[in-house]
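Can you keep this structure in mind? I'll have questions shortly.
Residue numbering begins at 1 within each chain, and the chains themselves are lettered A, B, C and D in the order written.
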Amino acid sequence: MSWRHVGSRALVALGTLAFVLVFNFFLFRAVGDPKKDLIRSRLTPAAKEALLKERGLDRDKLTQFRIYLSQTLRGDLGTSFTSRKPVLDEVLGALPNTLMLVGVATLLSAFIGGWMGVIAASRRGSAWDTALTQGSLVFWSMPFFFIAIIFIWIFAVKLGAFPTGLKSTPGGPTSGFAYYRDVFEHALLPVTTLTISLLAQYTVVMRATVSDVMNEDYITTGRAIGLPARLVMRRHAVPNALLPFVTLFALNIGFVLSGAFVIESVFSWPGIGDLGIEAIGNKDYPVLQGTFLVASAAVIVANFATDLVYGLLDPRVRTA
Amino acid sequence: MSASAPDLPADVLLDVRDLAVAYRNGRGEEVRIVDGVSFQVRRGEAFGLAGESGCGKTTTALALLGLLPTSLYRPTGEILLNAADGLVSIHKRTERGMQQVRWAKVSMVFQGAMNALDPVMRVSNQIGEAIRLHEPGIDRRGVEERIAELFGYVGIAAARSRQYPHEFSGGMRQRVMIALALACKPELVIGDEPTTALDVMMQAQILQLLEDLRRDLGLSLILITHDLSVLAETCDRVAIMYAGEIAEIGTVRDLYAKPEHPYTQRLLAAFPAVGGPRQLAPAIGGVPPDPADQPTGCRFAPRCHRVQDICAAQAPALRALDDERAARCHFAPWPTGSTT
Amino acid sequence: MADREHDVSTTATTPLFEVRDLQVHFPIRRSGGQVARALDGVDLEWRRGEVLGIVGESGCGKSTLGRALLGLQATTSGEILVDGEPLEDADLRAVRRRVQMVFQDPYQSLNPRQTVGAQVLEPLAIHGIGARGADRIARGVAVLEAAGLRPAARFWDRYPHELSGGQRQRVVIAAAMALQPEALICDEPVSALDVSVRAQVLHVLMTLKRERGLSLIFITHDLGLAWALCDRIAVMYLGRMVETGTAEQVIGDPRHPYTKALLSVVPSPFPRDRVRREILAGELPDASRIPTGCRFHPRCPAAFDRCRSDDPRTLAAVAGADGHRAACWLVDG
Amino acid sequence: MAAEPAISAAGGTARALAATRRTLSLIWSSRRGRIGLSILVVFTLAALLSPVLAPEDPTRDFGSEILAPPSSDHLLGTDGNGADVLSGVLIGARVSMAVGFAAAIISGVIGAFVGVVSGYYGGWIDRTLTAIDDWFLVIPFLPFAIVVATALGRVADDWPGGRVTLLIIVIGMLSWAGTSRLVRSQVLSLKERQFVERAKALGASPGWIVRKHILPNVMPLVFANTVLIVSATILAESTLAFVGLGDPLRPSWGTMLEKANDSGAVATGAWWFFLPPGIGIVLVVLGFTLVGYAIEEIVNPRLRERRG
């Protein structure tokens, strides 16, 4: 892959990030009114005054933008109205939990979903195909939070098998094997929920892509040289289908994060989604902006990484 | 070789007998897109299969490799390959059985080759894959040597085998495809419109290459094309297909000198020859019939300029006119000098 | 049976189109200012009432030339004269009304969501010809039937996908003829059609030509077709004409080594006593890397020193053959 | 011959009606289309007739016992406020479907406009629009929607339709990027097609080409895509309502589920409270998805022209 390709993709990522920064400012300064937000918050009058000064809210818009930019770039995202802690600390504290949830669920769902799509496509019209496709459609039609509710109802309430909230048992073990076991038990339901919510799309997309690829001439060549169907699938159909799959995977990252937000909220999983949704009710604007910034940055970075992976997979990009 | 297998003369490599290929339409009726096709290909011979799009020539070729799409089936027909190591009854082979025949004995060059090579795989890996598949014991060194040899045949520097298909031009890609077709030393190579997407000069290069390879390697060749003039220069014998049937078959020399089927007559005249008369030949009216709705009687009758009453009523058989020649027309042979 | 008129004596005074040193360059992406010279100094004369064949391999620029004549392709430099007037000064709409185009692929050149009727009425509506309704319909019906789609009512409400390739190409011809043009530029009009249908479409074109006195350009890679249909032939190689003359001159007595090679490899159903096949090695060079000197010299079997350094810029006249010219140092000029 | 009845100048409406009828019958001819269309008809009727059908006003009548299981009084039991769940589901259908529809239409209009302009005119217009489009495609929907809806929340309380209008706008504005990308690529390929070139050769102006050749070939795809987008917008609405951004005065299915979750209906196993609105969402989304696929199969040339 040429450095030119890497460079151009990096430029796109940086541009998007810059746009997010500007947008974030304008949304809350131009449309919203941060002074009023501040006044309604639960901070003490003295703290409000100090904050007003610190954020430069008493200055003109251009100066405000300059201050906002320099503060944001230095990692100063303001102070939470609710907890009165720096937003950056709050968000960075929650981020690993979100990344763990999203990372595990995304990888699991992409692998399992993609694999199910390949199964469906290689047996088009069979009972397997029908079951997988119809099942996917139904799961696709479910909101994330509804799947979460159903899971809690069945596994936690009816069967009482798993804990339904938080990352670990309050007052439980804080280190060692017992701690990890506790976290694992708490994580199981949210991760499963997110994985299952995402599976369907990957199955549907993979099935469609593989079916498309199966119409290509080089598949006929594969069969013609005497490869058994399963090898044609593994060596020619799947590698080619991976290209559009990776593209969709990249476009999907934002959607996955959205799902994670809701699921964190339902399971009280202490990630940035839970933090953000909690902030809606508290009208905690600095936290909202902070989660939005960090979430966007995470998605942009993930997209950039996927772009690079795509370049590695496709020789037409790599050698161009 | 089983006792029941029919004996084939030693010089016949491929014998196709009464081949039909059909699908079921919406009402469950059998619709034949290839019907009663019989021909033989001799060792070392170039055999041409010509006709317009939809006449069944490509379907026939796919049937020879057992590569028909799942919607199609073969109601009748025997396909016998008189391979060097014994007779193969292709029509009796299962999918798994065919996997041993494909490429090792019969290989194919596809149209244009633009998409016939896997875009994300190095060319050397694609050719190597075919070689390893049919010679499991071969080592890396052996594969590399074979690839170098194959690239030598088709006139490309062996070093380029490490490249991807998109790095080759159209004509070069067709050469790579030919190298792939020769990878497992087949006895029969089928070229399905191998030069259709190419320009005249490139077409001449590729046809010359195929001719040289056939001579040097002792291959047999089936060339499928809609372009009768291409066959005239490369083939020994040709079959002209119309509406799923063979309309006429014979040696190139005889058939082109005196076509007996009115379709062949008009088709040959449709190619204005450089240096020939400066005028347009009369056109063949109408369009080929829908396979689901073939005319009773002669399938060409509705478009035929020499049609008689009997043609609409009775389907003509493919009648032998001499050892090499047969035509599916009630009136063949036509008196000399009446062929247009 | 013969559709063409052999009488070529109708030599017109001003040519319908005249092309002088025409250049069309395309920028190449990611190449730092490099250009592909699709047309690189084309000179051409298209006379009134004649069938002019433009022959060459794909990538030689023949389609670009056809499009440039109608202003469908921006030109880099050089002149196109219509009736002696520069094309850039002319009213393009008026030119396009007088000169129409028939495209290569009838599967691509009809709007899939328009009925046959709508397609033949469209040019009339664009130019506001005739009264809306019955009048235009009558004209549309007339051109459809002239293009051999009879009765027109049977085709009027059909969509392109319900028609065969030959029928589609006739719809294209009918729509072009609806404007009663004086000239047609046909870009490979039959190469996408099946052999048996080709003759049908060609007959329609030649009948129209005869009956309405059309001037025709035939862009084709098929030398046999050019021989059978064209009065004059221009052979193109890498963006430039290499040989022009009457069909008899160019095909019967080719002077440029490229023309000779092309003719030698044209497959024919009637293998004649031909000269040895002259298969040129290699491929058509990239239009962004046109060889210095004579552009044909790297593949030319007759190339000598001068060809490597000097570009035979102008077509040299062949002695004793009126109008026969070739861009080759071997032609005595 | 010219006077044959088959040839008439009659155009527009009759042909459009015939096309609609043909499309509907084509949708109906596939099993998926039939199921989807049936679901949609049932739910649309229920939503339209809900003021008549609903036994109570779920925003006012809180008289009964809290979280009562289904009985003859309350066919689907009562919610955390003691209101009738069946009435809630029927009224909620109106809000959910209205938001879904309206947002999808906004998204379709913006997407088609941006796609056509960017694809047809190219150049710097295209580069600018594509950059904006890319941004909307990449940005995580929910955090973005939450931020926008919160920032505008107070402003929207004074609008007609209140926060429902806000939801419609936010969702509509955030979901056009995919459509415009699809339309753009379609326009780009149409622009290169020979029939557009031919129209130019006939003397057609750019405006004529867009009206007569580009739009008619793009609109069916936009239509199919918009139907598919409805399922996405309904899901988006339910999610935003679930996280507390719905309009308390105009409860949707998402709002109901939020209440169910907050009132501990899940923990107490009061399935009649959370299953009905959830199943409502799933069925309607499924319906739009199935119909959307059926239409896509009809209008997408790539899918249609594939040989069987």
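Quick notes on this one:
The working rule: contacts are C-beta pairs under 8 Å (C-beta built on N, C-alpha and C of every residue); 3 or more make two chains touch, one makes a residue touch a chain.
Since the model is a prediction, treat every value here as computed from it, not as a measurement.
Common partners of chain B and chain C, by the touch rule above, are absent.
The minimal number of chain-to-chain contact steps leading from chain B to chain D is 2.
By count of C-beta pairs in contact, A-D exceeds the other of the chain pairs A-B and A-D. Our note on geometry: chain A versus chain B, Cα centroid distance of 54 Å, whole angstroms. The centroid of the Cα atoms in chain A and the matching centroid in chain C are 57 Å apart. With each centre defined as the average position of its C-alpha atoms, the distance from chain A to chain D rounds to 23 Å. As a whole-number value, the distance joining the C-alpha centres of chain C and chain D reads 50 Å.
Contact with two or more other chains is made by no residue of chain C.
If you draw each protein chain as a dot and join the dots that touch, you get one closed loop, with every dot joined to exactly two others. Contact between chains, using the touch rule, shows up for A-B, A-D, B-C, C-D.
Contact residues of chain B toward chain C in the complex are 52-53, 169, 171-172, 199-205, 207-208, 226-230, 232-233, 256, 266-268, 270-285, 287-288, 303. Taken in their complex, chain B has these residues touching chain A: 65, 67, 95-96, 98-104, 107-108, 110, 114-122, 129-130, 133-134, 164, 166-167, 180, 183-184.
Contacts from chain A toward chain D in the complex involve residues 12, 15-16, 19-20, 24, 27-28, 31-32, 137-138, 140-146, 149-150, 152-153, 157-158, 215, 251, 253-255, 257-259, 261-262, 265-266, 273, 276-277, 280-281, 283, 285, 288-289, 291-292, 295-296, 299-300, 303.
Those residues of chain D that touch chain C in the complex are listed here as 1-2, 4, 6-7, 9, 193-195, 197-204, 208, 212-213, 216-217, 301.
By the touch rule above, chain A contacts chain B in their complex via residues 216-218, 220-229, 235-236, 239-240, 243, 313-316, 319.
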